[in-house]
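In the two complexes below, chain A is the common chain; its partner is chain B in one and chain C in the other.
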Partner chain A sequence: MKTKDDFPSLNERPAEGVGPDGVPFRVLIVDDSMFIGKQISQILSSEGFEIAGICADGAAGMERYKELFPNVDIVTMDITMPKMDGITALRKIIEFDKNAKVVMISALGKQDLVKQALVTGAKSYIVKPLDRKKVLERIVAVLNK
Partner chain B sequence: MSDYLDSGNEELLKDFFSEAQSQVELLEQNILVLENDPANRDAVDEIFRAAHTLKGGAATVEMHELTEFTHLVEDVLDEIRSDKISVSEPLVDVLLRAIDVVKAMLDERSVGRLYKKDITALKNDLASFLGEKARVEAGKKASARTESGPVAREQSETSDSGLSEYELLEIREAAGRNRHVFRVAVAFDPDNVMKTVGAIHVFAALRDTGTVLKTRPDFEKLYEDTFWPVVEYYIATDRAVEYVSRRAIISEVSLSVDISEISFDDSGHAASSPSSAPVQESKPKTGKPAPESSPGRVSEAEIAAAMAAASREKEAKTREQAAVHKAAPARAPAQAAPEAAGNPEADAGEDKAVESRRSTQSGGSILRVDSRRIDNLLNLVSETVITKATFNQISTQFAELQSTFGNVQIEFRDSLKDLFDDLPDYLEAIRNGRAVKDVKKEILEKYGTLYTAFDEFETVFKGNAAKFRSTAQNLGRITGELQEGVMRIRMVPISQIFSRFPRLIRDLSRNLTKKVSLVIEGEETELDKSVIEDLLDPLMHSVRNALDHGIESPEERLAAGKPEEGTVLLKASNEGNMIIIEIGDDGKGIDVDAVKKKAIERSLIHPNKALTELEAFNLIFEPGFSTADKVTNISGRGVGLDVVKRQIEKLNGSVTVSSQRGKGTRFIIKLPLTLAIIQGLLVRVGREIYSLPITSVIESHRIKPNEIKLIDGYEVFNVRNDVVSLLRLNRLFRIQTEDQRDYHFVVIVGTNEKRVGLIVDSLIGEEDVVIKPLRDQFTNSPGIAGASILGDGSVCLIIDVSQLLELGLKREIEERTKLEMTIR
Partner chain C sequence: MRVEYINPFVEASFNVLREVLQSDVKRGELYLKSTSMPVMGVAAIVGLAGDVEGRVLFDMDKPTALKVASAMNGEELPTMDDLVKATITELANMITAQAVTKLHELGFRFDLTPPAIFTGDNMEVTDQDVEALIVPMEVPQGRIEINVAIRERS
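Let's turn to the complex of A and B:
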């Protein structure tokens, strides 16, 4: 059963994923779990975000960011990933673009890694299990700052 | 609260299961790698990551028992990864057991039930591997779940009002003249799942606004894994208060923020300016208790009150939500679950919801396909569309051509009619003395166009026909590729099931106290998905059988002069349009006498029956047959090999067994690559048409009867200095044909090492044939793989070349041994 919250009326308020100029925010999703990646993209695209890409590991995510730049507004980055972990990828992205907006996706119990990421330059973090409201809230908060 | 369990998200749930499955496999594989090579860092990382992903996914779909359990496993893995514990046999055992539990949990969940078995013992085992410190931490975490959470003892210090003069001086120096210095006191939400991260989160946010000069407690302490309810940050910035406070408020992280400016008078004494302390609250509703009256600093009592109010309100909110959910039962189970963990009512509700969802999503499994294969298909489809357009064009051209033809024909007829009408006049004129030559000339002048009337039409027609032909050819090529492409979509590598065997072998060999190593070959061989799914059980049975009955105990092996460790071979390969799976062992082989005895005992055969070795081997596939004297829990229950045979036959395949006493046994399973279409060479024998799978046809020849030579009474003929034995299909299938003819057609079939020439009456051509299985009394026709219906509706039989070769070979061997007997 879906409640009204699941069907936001676009007439009442603008979709969260659309910037003030009416252009959708572009999101790059980096996550080795296809499942989580899909989930994030479902949540975000339902709010009008544009999914600029989904990458399965840190190295690919970083490359993709460089490719897309500057046509990308925000990155969601998993922490534990094969090839290159999320924190290394984050560091490289920040080196490349110091204003990059990266939101970490972390599992419970990884406080130390999240702290490390925040100190490195991540703008925020989201804890798995993902919750639609929280995901949107955090991402919108980062974009509006 | 997650909305991922509602009916709209079955797809996501499906994804979860498919991903969880692959993670579990990954876990298992790498643990086995680790067992053999404890220093393998990659394997450790891989295991850790898989467990981690699994946990994340499970938490998302709210499978709490799974989350909790995988979390424990992950803790153990973390210890391994950080080299705190080393990989040992008991550890691997416990981990594998844990994986079994995870599998069982997933299985239960996938049918909409909860895993109910007691796993406390296993949990304790897992916990026993955790180092002392980790165990304490785990304990702490556990208590954190029940209580409000550990609160740092130094908490009281934070309420300590000011800083020492020296510290203030330091701050002032660092801030410089032009910037304001603010003290930002942030109260954190103790209900946040990652509450210990909050202080750093705010720190990172404030860092962007200016320079963070100092924190209380110290930054190092913030970085530790403790929760500080209130943290003060001293920052130097040129931004306005509002901006800073906006940055410091992070929903669900910080509850309230209190900012006051620290101004310095000339003497260096600090004074908080009361006017510049607006209060910002993340939750306006919580409002009241925020420290409005405390411009200088945050009083402990007020914060406590604020937090209490906040948590009170939260509680009320959740209660309210729960009530709402109970009123709306369909949605309730999914949402209420987190609060009501362990509440049987909610569980039951959830079960029901899962079940109902299950019923709607049953049927249709997920197949992961390389996207390139799909792209390729799409490409082909677009080509067919183009070809269709070409055909349309050709058809209009033909229509035009037809009308042109009509016009030309009318003209032709008219002038022909004129000619006939004129003829009597000409005859008359000749009779009246007009010169024949003259008349001829006139006729030619008048009707000469009759010759060339159709020339133009012919040229255009020829062009069109050529175009039509080439387009038809094109279409043939595209449909061929399309067919192959669609087939390839369903093809998955056999490694999908082979990958389960290392674990199986490990457990079995341990149970049986035998030493066995597994060799896997050709795991990249691709097979139709539907076939693969049904292949696991028979393979499992066969491998179990090989281990239990084939491989001897280490002592016996040493006594027989074999290496202590037995070998089981699992090999897949393509042969023509068949896939061959071989399960071999180097054990004791099949004891033909024992088989015979047993078969007589069970009255499967008559005591006087003379058995060939092959027949004896095939007896082990009879239902109710078992040579094992005692029933082990692995095999020997008398169900097994007959089930294997039945299941393989259901897939249109065949199982054969060959064995050598003392050397080993080999099961060979042959399966059709796909269950659908093959290319065949059609040949005629008498009035029958047979189809030979083109993949097994090597070449064809036309030979004169005198080229057939006899060696040992066998018909052979020479192909480029090579002798190939001949098999007359008419004799094999007992079809009456004329043997005396000027030429014979020979089709050489088989593989490079084993081939035979088939004598047929004539070759018809190549065609795609759709295989239809033979049913009922025809299922066991040797040498025939199936039947097909040709374009004209007649039936042709498809020849099973490998069986044919065996048939020929068997006959050959039989006759040879007979011959040798007579010579002696």
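Let's turn to the complex of A and C:
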């Protein structure tokens, strides 16, 4: 059987999604676009993150956060969603857990909403179209804050 | 229709398509169509309301939609399922968001309706009293027409 030791140079770079204790970071994804949800989930899973849940609207995302708590490390939050928008969901999550780490996912041209989200307590934001590098950079930066 | 409205859509389509498909995009010749027109099979439509009103249609045939969605997802998507529709809708979203940001900078004020997607054969779109400008975009996956009908509110 081949073990990790057979590929000494292959895994030198630690996966971004795993904490110093070797335990994966747990991510909750809130986005009404199945495409974006899947894209974020693929990028993060490939770096060893654990996807704790994917929710398609703000209300479901907020409920899920409460269910998962404290076993959730970070949330990606879309802004425009049916039922409950991302800023309202963000506010409710922060009310419930003032240390929640929430990263907003925004379309271009929503600066006012992004500002509002940052004032409300979002830790960072990522503008679509998403690419792997951008997503990982922002998520890792927030986790290391 | 004033040409100021169309340029931001041309630019945004070009930029976003190149970025999400990671490939060359060629812009075809702009042309004008009036009243009703058939669409190619898959159409994402975004409405605008404010100082100006109208709609932007992202029109392509089904094989193109499947190939574009497959490229954007990094996997083969052979049928017109919910993921394909969500992907094309998001593409329309990203292009419109970029174009509208530019239009807002130019001083136009309006809001967008969330994109809706239509699929089917023999579809036709009818715009009342407004002509549509069409910008064809050639990507390796096929041809996508950006069909813009906007007018100032009277």
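The definition used in the following text is that the second predicted complex is superposed on the first by the 135 of 145 C-alpha atoms of A that agree within 3 Å, B and C clash if a C-alpha of one lies under 4 Å from a C-alpha of the other, contacts with A are read in each partner's own complex, and residues count from 1 in each chain.
Convention: a contact is a pair of C-beta atoms (placed from the backbone, for glycine too) under 8 Å apart; a residue touches a chain by one contact, two chains touch by 3 or more.
On a predicted model such as this, the values are computed, not experimentally measured, just so you know.
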Which of chain B and chain C A:L108 touches, first, second, both or neither: both
Partner chain(s) touched by A:K128 [first = chain B, second = chain C, both, neither]: both
Intersection of chain A interface sets (partners chain B, chain C): 33-36, 38-39, 42, 80, 107-109, 128-129, 131
Of chain B, residues touching chain A in the complex: 1-4, 6-8, 12, 15-16, 19, 45-46, 48-49, 52-53, 55-57, 59-62, 71, 141, 193-194, 196-197, 200-201, 203-204, 223, 225, 246-247, 250-252, 328, 330-331
Of chain A, residues touching chain B in the complex: 1-3, 6, 32-36, 38-39, 42, 80-82, 106-109, 111-112, 114-115, 118-119, 121-125, 127-132, 134, 137, 141, 145
Chain A partner contacts - residues on chain C that touch it in the complex: 16, 19-20, 69, 72-74, 82-83, 86-87, 89-90, 93-94, 97-98, 100-101, 104, 114
For the chain A and chain C complex, residues of the former touching the latter: 33-36, 38-39, 42, 80, 107-110, 128-129, 131
